[in-house]
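One structure follows; several queries about it will come next.
Labels A, B and C are assigned to the chains in the order they are written; within every chain, residues are numbered from 1.
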């Protein structure tokens, strides 16, 4: 970035944020109202109240994944913790407002009104996950202004793709391996490619973890890991399918831990475990079980998916990420390609296989509640539509990421210069822990580099 | 404090804590029994079991807010983390026991018995929130002995005020903007004023954050933020009102994040974000949506409340807190005035407006389940009673805080001397990380000030 | 350990982990299928769906206790945080897979198939808790290879004991004071005794906490504390019993906090609180309320159990642990004897008393839903069987721990040498925060010992 462009956000960021919020409030005033369950005057609220009580715990689990899970997962960077957890909150808080509108306009508009209920809240949270995944690819290299713009654009494109995959193609994707994970990862990778900075090695010393930042990241990992069964099951409609989604995801995640640990040890020359793998690859089983979560894959099928995902993800971190960086100029800060990209594709493919194997013998009376399209399609046709859904998600991610990247590259969005990447100081007041040290250390010791210094 | 008074707690604190616990056990033996749902021998437990399953997830969310939310929010101080999270646990654990009794005696005494159920647990947790808010105002300046006494007194006065507002005045306050947030904040501010220490600048160097203490605080912020919809909806009785409380609070919090970030950036000379604002002002939307949460404010109304609360709270932190400190000798360690005080008043006023606008056209058949008093009052009358509820909460907070402050000022409660405020060492065994450093640093470098040193 | 044995895990650990996972997948393929609720084709899923919705929030609470609760509780060690939270995840992820099989084979095998449902998941999580408790006793002194073997053996023996206590003896143990807490603690203590290392003082300097590691541990403490009512109630069958289990545990934990704080202060010469006690002894009330949680002990009974448990646990930490270490060569890293051992015995004894006092006057029509065995036994007989259950748990823990310890002592499992105990570096790539310091500190200052150095 030319030094002539200011990184000072004082005018740009507040104006953008407040403007967006005012527009949102006006649009909500025009379009959004309560669904029946939250509306007074409906004689019997029993059914809708039941809907709330059944879905609310899953909603809160997803909520924790979005805000604590993604937020803390990215705090592994030693000098970028404020931005990781702070911008995560900003993106998600804005994204869920915009997601409610986009998803409402595309899926739920009736008489010019969008009626929100507990599933609107869950889906709005879901829509922010795409941006948070992409955020992982550009982490440390973008300003809050850029992130707000990316949120606006990506959720728009996500909602279009979601509509295309689940409404037009009628592909199944209950845990969103394709529409959220693969989409978010490749969208973010393309944005990162367009914003590629040849001079990034200047701030490379900041792009690492330290002991306690790795422990903070484990808070994120664990809440994602624990609540992933809720993520994959929250919007499944049939009760038995929802039950399966929980069980399958539970076992997929468990198996994934074993292979992620095993491979982390195996690929290291000294046989030591690597925190990057433990923080990320242990979650690949949740991503990969997404599309097929409610299908009749049986617990051993869940285990198998997790087994494979843990291996692929860890190997990706070790061997693929460095190649993408050096050969394709794809600098992927958090390795979202290994956590969401590859496992998302595995998940999509598992869905293809699961659909191809669907039949009355396996699903009995629940065949049509799990696969509504099989009333008019053959299982093989449905498998084809599943594959088309995966393809569509990848295609829209690439196109959307390209457009978004080009817009974000316009040098007026307070981007950080190369030497200030991965450093909170450029956008945050950081407590000056130097004072204490300076009292201690006489000046001849030179510069003490700590978290609290740019 | 005169140096002649001992800060050693070895006799005072254990005697007080054990004595209180013994008295509590005796009172529970006399007064407390299980409500029907938890009692055996009732033929049909179905209804009461349903009550448990519906309310239990919200109870656990509130529980997390009280213990992890409040506890970690206050760990931002660099040398006071043990006390923040530790005394928070102490206050809340004692407070919920006393709150069960006080609320039971005032609201639920039948035939000399208090029957506890899941709502007793939620309300007991709520009662401790008032003390934890006040704790934020006096954080770092009070001993555990003082805090136990404050808990006893404040919950007593809270329960009286709660009875006055919700039972006598019959004002609505489902999310407790008035009875918990405004009450707790002004109670704490008055206590802080009465305990004012002119010599506090001696320990001012401890009264700041460091990089990782700010990240610990974000754990508290996020769990409060995520679970606030549960807080505001947990005790709403009508199903549609409960549904609305969740939706309205969700959107209020989301909008509040945008304005808190925008204003944090705007009020800073260099346009940088400030962790104090992010940790606190992002939550003001939850406080301000409290009283009106179950009313027909619509999602855009929720957004609007959050929009305003985020601005007021951030501006309060930037401009009002320093003035209160210097002009009124109101030293408010955590800025509870900006997080709970002002937003609590906004919440009370939103309740006044919401009540004034209540009518059959808006609420249909649910008018009387949401506003039971409208069977005998006009909406404008109810609005007046809402305003009276806000006034009563503020009045009892001021009187209660004054009495409590005067009692706490008696110099026998092991108060910390000025130079040891905001420092864990005075009440905790702190691991001596100095040993390592001492090995490293020759003595001529003077005193290395770290967390692990008094 | 002789230096000739390698601590390099590169071959042993991955082979063992992958081999175990492959065997698990095969066994799941043969034995495990979905229970009715998750099976398609069953005409009415209403009942089983209700089962899921009622138990799922408790399952997730237990899940958080296992992965975040136990995981972070053990991060108190300043240089062993990666291993604490990381091996905890590894043990639990493998353990729940094996636990599903063992518990299925012993309790739920029908027509050669184990049908898993939400209670299978809860019970599988429970089974891992035994190993995580034992892990606390050997923390810092064992390799991941040893831990996988211990998980395999301990869950096998646990499942046998659980079958013996609850199915053969038909003793009640809803919150598992005996079968999980006492069993896990004494099993671990015996393993620690067999693996005793006379030369451990070499790494003693690592066996301590630092300021922030103590705060990380409080994350674990609080999530365990908050969700313990879910742990003690999750598998209670009668609705009123489940309700009581929640209420009793809630109050027991609250009282326990007061006595743990009081005693922590009282036993310290300077009257200061000790983080070890606060992190651990505050939880003893949850352990001790386990067996009798669903009995008619009334809230004051819950308080009384917590009151006693908090005292016993804190006194145990202060006076008993050093004696066990020096006299009996029982080095108990986390003090699991005080948190799980002694309170587990108290819990078992409370169950004996609770059973002895069971009668129709107290329990009415629920007598047989709470105590099914009283249809054929007297209350005193049931009390005797409760005592037998406690005795069986202790006996199998001692025998199982002895066998396991002897196997783990075989010097081929990549054990850490004495001087590398309690240090992440031996099994983990640890981020080198030394670089920064080295730039700062000239070499004459000698060796700077930090977390990031072996």
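In this section, a residue touches a chain if its C-beta (ideal position, glycine included) is under 8 Å from a C-beta of that chain, and two chains touch if they have at least 3 such contacts.
All values reported here derive from a predicted model rather than from experimental measurement.
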(message) What's the minimum number of touch steps needed to get from chain A to chain C?
(response) 1
(request) Same or different, please, for the chain B to chain C contact, judged on whether over half of the interface numbers appear on both copies. (result) different
(request) Quick one: report the Å distance separating chain B from chain C, using the average Cα coordinate of each chain. (result) 32
(request) List, in ascending order, every residue of chain B touching at least 2 other chains. (result) 53, 57, 212, 219, 441, 450
(request) Would you mind writing out the residues of chain A in touch with chain B in their complex? (result) 8-11, 13-14, 17-18, 20-21, 24-26, 28-29, 32-34, 37-43, 45-46, 48-49, 52-53, 56-57, 60, 63-64, 67-68, 71-72, 75, 81-82, 85-86, 89-90, 93-94, 96-97, 100, 116-118, 121, 144, 212, 216, 219, 427-431, 433, 436-437, 439-442, 450-452
(message) Residue numbers of chain C touching chain B in their complex, please.
(response) 53-54, 57-58, 61, 78, 208-212, 214-215, 218-219, 222-223, 225-227, 230, 238-244, 246-247, 250-251, 253-255, 257-259, 261-263, 265-266, 268-275, 278, 282, 296, 298-300, 303-304, 307, 362-367, 369-370, 441, 445-450
